[in-house]
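Alright, structures below, take your time with them.
Okay, so subunit A shows up in both of these, paired with subunit B first and subunit C after.
And then the complex of A and B:
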């Protein structure tokens, strides 16, 4: 059955909240990535994403994809979660983009389908692109799934990001959920009061009005937050707590990430 | 438009990180100068708002749906610096928390959507809404166009970034290593979807939000209204009308001064001939003959300033200028007369 605009938007909100809760759940489990210091996790996985993008050989990208799979299993991330959340989505999205490359990339012909010629270079281009995106997005998703947001923020602080930027990221993350919930409730209440189908123009008006109310609420919320900050003594100087300490296990992990990344870059050059 | 990891080469990503970094640095520096304490919660909440707006499934003409970015309303309410930071934070949270968009391409996504999108939205909105009242309809239209332009500018940049990959990064066999399509394919493929649907989604939400704010909270539109806060209260329909009239007077005066340029045009406008001119035109191909009806009716009215050249003025240029002044003055006199008549008519209605 075709979903209406209200249903589609409400379901989108619910999906986002479910995904966020699942991430927090996985991040609290015991596993390989979870046992490492968040700074090592962030740096190591970013290094592997970089190695994936730097590698020019398909075998090396495939090896890195296998490494991502192994890390996922050791970090107790379910393959089904990765398959539905990453691999199928990337395959559908990147597949659509890569598919015409099979025909339009000039090179040695390997098959002829009517007026279209499949080339060897075209097949390699499409396969490399899909594999590369799958591997890179898997590493990124592992970071997202295995790290609590507060830890991501502290790890970013270690990268010398301005304190103000970290504070804004933290506050935004908190209010994203509040506003998603508010918007979801607004759409849900509207949905329960709506009988029959709305015309597209009415739907657009409703979306704009809902966004407008949400904007007004957001601004008044920011005023309240500012007053609360002031009443707690905020004078414009942001303080960030950072209580991470690197252990021997973290240094080992960092070394392994560096080794894997360096080998991949060297072999894939 | 969120470019995932793997589509762009590391060097492209690095360059775009530098571009986005410049935007972040300058925005943060500018806001620090203003009042950072007040701005932090505002930008944070606005980033959250943009994030939520991106999840709205907007119905578009043609039965399809699209997602807006929220960059235009951020640029209108917060200004370009605030919008750059708010959108960048929303994009960073999408990438780092929800895995939507890549980590290596975070700089590219922020550069395209947050930096360039905000600047295009802000500049086009300011340009189109200049001098308009806070509650003017023009602001709604300006927001829609600004949103459409911002999204398409960001999409065009993304298309160019995709399109240069096969030119710069391929192996010895010519196999592209990253995004496989050249500019000639990447730009139309990207732009068709954005010119038709994605741009419209941003236009719809931006216009709708500005229209809503005009009624519910016009104060939020003041930051980028182009008028200082102390004068913002004075932006009423009357105030703007007075300013618009002033502009109109200047434009009319300039046009009057430019009227002698008409002399430079060679020949006469087709079909606007006097009997004499018609005879001259016909003489080129055949013996002159002026229709009898035209000859008779042409003498029906003798203009005081024939051919914009009053008989008492020797200079043609001055004659043009004088004709323009006379024409404008005459129209003004008629308008004033009509206004007086209307006012008298209204007074009569109220008294009865």
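And then the complex of A and C:
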């Protein structure tokens, strides 16, 4: 049977769950990023994203992209994983945004397509935008791939993000999987009891009803979770353990991140 | 000695639907009590009331001489002391496992009760070993099987060594081996000062987990007695929807009798 938009989206989330599990495997491997304290990883990669964003020169952004590739290889992240999960997706989305710049940016014409003129400056602007987004998203993906989700949360806590925000993030991550699993089971159960094709209007009604049931389930689940937290002593202020320790290797890593970021910002002015 | 829990004429409604209707009971410290009843008889609501997660709309609930009311629970000192002594294991383990890893889950209660860090680490490690789940320490909850989730949920309350354990269908949906592990655990507490109140509709386990059985029917206590007394009262069990009349034939004669479903035994 042909799958509707909602069902296809739900299945997409289910695939994301599988990918999340794969990410944990990468995070447990021995590699450059994995050897650093999660706080250093988080801070350092954030710094490089900032440097990418602030750099105005193509060569500097390209150098940062090359740095991202080198970090990926040293952290045992497969280039094919990055290409399929990041680069192609970013190219598709950013390409749509960058495409008009090829024509509307004033400058030296390099080609004429009917009423439209492609300019050299337009090509440069579009290329810079795409490369910048590719590099920034690659650094962010490296953080996610090479760090267990729990460590990302702990690192955020160590960097003084409010406990409440981190708890919300952790619980969202935890329960989104459960709700997606419930939704896909609901779709499977519906399919098992449906013969033939439904009319589009019936499909829309069915999807709306499923969304409604899922919403009530999630409200009920959140109430239950809150009671379970209260039952174990939660009084509105989450207490967490944070037991990271910085080593000399971490300080070296932090220094290298700082140096790379500072040089990129200075050269890319 | 005054009872640990004392409930008098307790009523509780979910919006307009009554869940408990004029329920009265007393439970002494160290007792092992089974709450049995069909679905919707009020077992889970009663456990929540005993854990002060909801409050009676009428009647009174007392714990160790103190009224369990929203006002009392608003006091941090009383709330911490109460949560330290009373713990509830929810029926659905997914509700209870909201932390990123098994370790964080088990550490949650002692951390909220503001135990020192070293004590938290030591207790969590010991509890993980006790429950045989030390190898799952860094595993996120969505990568656990049903039996593992239940064990982690149990560990997450046992870590604070509570005086009172409230268990909501602890063996439901578990495979036979995991079921017997949970039952063994409850049996180990027999004779200790620990009070264990278990809600279940699995009659076949009550003799193992309780010294007294309370039969709940439509939000009130329909009967109270030893497991042997309750299990022998087939009329009561039939009325409370805990058994059903089973019809079959011997030769050409068709006859019926109460039927208790059991994984471990099949009683005729």
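The rule is simple: the second predicted complex is superposed on the first by the 260 of 269 C-alpha atoms of A that agree within 3 Å, B and C clash if a C-alpha of one lies under 4 Å from a C-alpha of the other, contacts with A are read in each partner's own complex, and residues count from 1 in each chain.
FYI, a residue touches a chain if its C-beta (ideal position, glycine included) is under 8 Å from a C-beta of that chain, and two chains touch if they have at least 3 such contacts.
Remember, it's a predicted structure, so these values are computed and weren't measured experimentally.
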item	value
Touching partner for A:232 - first (subunit B), second (subunit C), both, neither	second
Touching partner for A:63 - first (subunit B), second (subunit C), both, neither	neither
Greater subunit A contact set [subunit C / subunit B]	B
Contacts of A:204 with subunit B and subunit C, given as first, second, both or neither	first
Touched partner set for A:85, first subunit B, second subunit C, both or neither	first
Which of subunit B and subunit C A:104 touches, first, second, both or neither	first
First, second, both or neither for A:150, with subunit B first and subunit C second	second
Partner chain in contact with A:165 - subunit B first, subunit C second, else both or neither	first
Contacts of A:175 with subunit B and subunit C, given as first, second, both or neither	both
Touched partner set for A:72, first subunit B, second subunit C, both or neither	neither
Those residues of subunit A which subunit B touches in one complex and subunit C touches in the other	149, 171, 173-175, 178, 221, 225, 229-230, 234-235, 238
Residue numbers on subunit A that touch subunit B, as the complex places them	5, 8-9, 12-13, 16, 19-20, 23, 45-46, 49-50, 52-54, 56, 85-86, 90, 93-94, 97-98, 100-101, 104-107, 121, 124-126, 128-129, 132-137, 139-141, 143-145, 149, 152, 162, 164-165, 167-169, 171-176, 178-180, 183, 200, 203-205, 207-216, 218-219, 221-223, 225-226, 229-230, 234-236, 238
Residues of subunit B defined as touching subunit A within the complex	4-10, 13, 24, 28, 32, 36-38, 40-49, 51-53, 55-61, 63, 65, 73, 77, 85, 89-90, 92-93, 95-99, 102-104, 171, 173-181, 185, 204-205, 207-209, 211-213, 216-217, 220
Touch list for subunit C against partner subunit A, complex	48, 51, 53, 76, 79-80, 83-84, 87-88, 90, 92, 94-101, 104, 107-109, 111-114, 117, 120-121, 138, 140-143, 156-157, 160
Subunit A - residues contacting subunit C, complex	17, 21, 24, 148-150, 153, 170-171, 173-175, 177-178, 221, 224-225, 227-235, 238-241
